[in-house]
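Read from first to last, the chains carry the letters A, B and C; within each, the first residue is number 1.
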Amino acid sequence: MDSRLEFAKSEPIWNTNNRVFSIIAGLIILLFALPLFGMNSFYLHLFIMIFMHAVMAQSWNVIAGFSGQISLGHGAFFGIGAYATSFFYMEYGITPWISIFFGMFVSAIFAVLIGIPMLRLSGHYFAIATLLIGISFQVVFQRWDLVGAASGLWVTMTPEDSWFALQFHSSKVPYYYVFLVFFLITFFLVWLLSRSKLGYRLRAVRDDPQAALSLCINVSNYKIIAYVISAMIMAPMGSLFAQYILIIDPDRVFNIEISIIVLLITVLGGIGNVWGPIIGASILVPISEYSRIYLGGTGGAVDLIFYGLILMIICIFRPNGLISFIPKDILERKKQR
Amino acid sequence: MKILTVENLSKSFGGIHANRDISFDVEEGSILGVIGPNGAGKSTLFDLITGFTKPDTGKVRFFDKNIFGISPDKISNLGVGRTFQKLKPFADQTLLENVMIGAFVKEKDIKRARDRALEIIDFVDLIEKRHHFAKELSTGQRKRLEMARAMAIDPKLLLMDEVTGGVDQKTIPGLVELVKKLKKTGVTIITIEHNINIIMEISDNVLALDQGKRIAFGEPKEIQNNKLVIDAYLGTFDAA
Amino acid sequence: MTSEIIIQAIVTGLMMGLIYALIAAGLSLIFGLMEIVNFAHGEHLMLSMFSSFWLWSLFGLDPLFSIPITILLLAFCGIITHYFLIRYILKAKMLIQICATFGLSIFIRSIAQLLWTPDFRNVDKPLLEGRIEIGSVFIGQPQLYASLVCLVAFFGLYWFVTKTETGLALQATAQDRHAAEILGIPSNKMFAIGWAIGLGCVGVAGGMMANYFFIFTDVGINFALFAFVAVALGGFGSIIGCLYAGIIIGLVESLGGLLIDPSFKLLYVFAIYLLVVIYKPQGLFGRY
């Protein structure tokens, strides 16, 4: 057997760059330690929003970046998650820790129901269908009396901080850790996914569905799998967000802006890349939060102006997102000539 | 043993017959060359056999199994690989990743799939290019990529659409050698080819199509002397 | 429920449908030409209504007379859109194309919100006012004229695309831009023309609607959604299909609102879309 083949086989499958790993490990420790240094509540809020948006964007990244289907109504799953925990806590006193999973389950069901007919459609049809479905959810919840119609749900406040009810009034620190843990778990799982057989096959579906079919890949099934995974990542963020703000209404948790922002973060950071959503969220969330502070309520649209502009600029000049500025061999594979 | 039997296969698009009553069979381990002028229905025939286009009527059997009208992923799962006339590499992925996606059909484990993919890449002589993105490869190399990717699913029957189409003269002999080398591994091959000399050189049998119909089917020698084929195809090619 | 109410709903739906048809035709023209869906279509409609409003409010120009200006403004807007955004993303992946026009839509809408606040406005006492009564069916004059103008504009567009030299050049580019280039049809120029005409259609619709519709920064969203639906129903890229699809949507909206529940109007239209794309993905009327 020739030596070039032997050499190729001896290569590690993934270019495990120890320096990158130690940087990531250091960052994780830093993130856990940060609140200990007495962050004020604005910074806690900022980080919580970054974690949340990074996960939401990662959810979108799985369906759009990995499997190539553009969903413009991803807010629906966020809203389902938010309503699931709030409703079951208020009606039956079920702890959000359980109804988070219920929200994931319902989202997954909807993903299957929407996915089976819709994912057979190509490109624009699917994008428009999801846009319409996203808005339909908002319309239905605005008029659904059981869940408070347009005024939404005001979650019953516990008198004290409670891990059972997942409510913390005295400090944002517990929320910080809850969001951080979800953020880390999600990214770890998606990172595993991207390196798994499933990840390879999803990218095949994205790059060329016909070629994928010729390689025994049932394209429709894989799209549905990606859609379900994506929905199940999104729903818990809705649940946690509902616990964080404790008042939810259709215009807030089913807002089309949610569907926009996840797309924006992912495209900005780098679509199809596991790390893209973190980069995107770390840039966009501060822009949004600071503009809200400095420009106040009436200037609420200013961050959207930036968003729109950034999105267009990225599409024109850097369609692979900001992550494409980082040399590939640092992150993933080394290229040998 | 017949690996593929096609009987009276027909397909029309909006009243135009792309394939009409086509029948032929392929002996296991042989190479069938498919020839015909542009628009004769060669690629359509491939799409019908591999399930990418739903046939109207007829029979298609792979060994004893009826594969008429079933979906392409199921057909490929039975052991029918194919390449595309208009190449379809996974452009944003490396050569190795391209072939690994095929290799996962046989190997669940990622390391074993990788090693299998590397062996096949070595077989098609592109081992030095394994970490190149598919979009960076030349046309000839991408043809090899497609062959490697199709081989990775361990097909018993491999349909290759224009192995030597669109590549420069110097690259052709290497690709032809590769097809011959492939045959030696025992895989049955159906290949569409424009270059009549190559067809005569490599094929055990030849199927000639014109305007969606079979005009001849037999050994290369018979085909070469068949009047219909000469009229429809060879004549024009000699002139060109 | 009396038959008059139903006739009333049909008339209303028909009039709205013709407007949807023209808006959708602009979208469809652009899509047919370069396979790009203009997700900012609703915002362009909003701009045309505001153009009409400001010409009235600042210069006292009645919407009826400012229509040519609005059309020109929108056509110019289309050329700008093509020049600064679209021509860079022609070869990009579909995902990037969607994101780019989506970004444009957010950009236009939020700038408009910053400049003009989200308040509702309307044109006071336009020339077209009042309603006519046929039997017991009321037809608003501005609505009636808006739909008639849209219908005329629609057939004008159809005539332009199918009969004039430029229109045929557009079709040639739509079918195969490389072949068209070989024939000496510059595709970039055709794309710019396509955008100008596509948004010009929106200019007509928006200008006429300014007579009677509330004007606010989010006004375009629903119209754009309906236009997407219409384009999908009519078959992506088909212009005449938009006419039928627009009318269907208008009727479904008004009859559904009347017979079932008006607060779910959007959903009826969406349901039609979902049914059609699932069972007849090529659209109800095929392409061209």
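Criterion: contacts are C-beta pairs under 8 Å (C-beta built on N, C-alpha and C of every residue); 3 or more make two chains touch, one makes a residue touch a chain.
Bear in mind the structure is a predicted one, so any value in this text is a computation, not a measurement.
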| item | value |
| --- | --- |
| Fewest hops from chain B to chain C - one hop per pair of touching chains | 2 |
| A-C compared against A-B, more contacting pairs | A-C |
| Distance from the mean Cα position of chain C to that of chain B, given in whole angstrom | 47 |
| Inter-centroid spacing, chain C versus chain A (mean Cα positions, whole Å) | 33 |
| Interchain centroid distance [CA atoms averaged], chain A/chain B, Å | 42 |
| Multi-partner residues of chain A (each touching 2 or more other chains) | none |
| Interface residues, chain A side, partner chain C - complex | 64, 68, 70, 72, 117-118, 120-121, 123-125, 127-129, 131-133, 135-136, 139-140, 143, 260, 263-264, 267, 271, 298-299, 301-302, 304-305, 307-312, 314-316, 319 |
| Residues of chain C that touch chain A when the two form their complex | 31, 37, 85, 88-89, 92-100, 102-111, 113-114, 117, 225, 228-229, 232, 236, 263-264, 266-267, 270, 273-274, 277-278, 281 |
| Residue numbers on chain B that touch chain A, as the complex places them | 50-52, 71-73, 76-77, 81-82, 84, 88-94, 97, 100-102, 104-105, 108, 110-111, 113-115, 118-119, 121-122, 127-128, 130-132, 149-150, 152-153 |
| Chain A residues touching chain B - in the complex, by the definition given at the top | 2, 4-5, 8-9, 13, 195-197, 200-201, 203-204, 207-208, 210-219, 272, 333-337 |
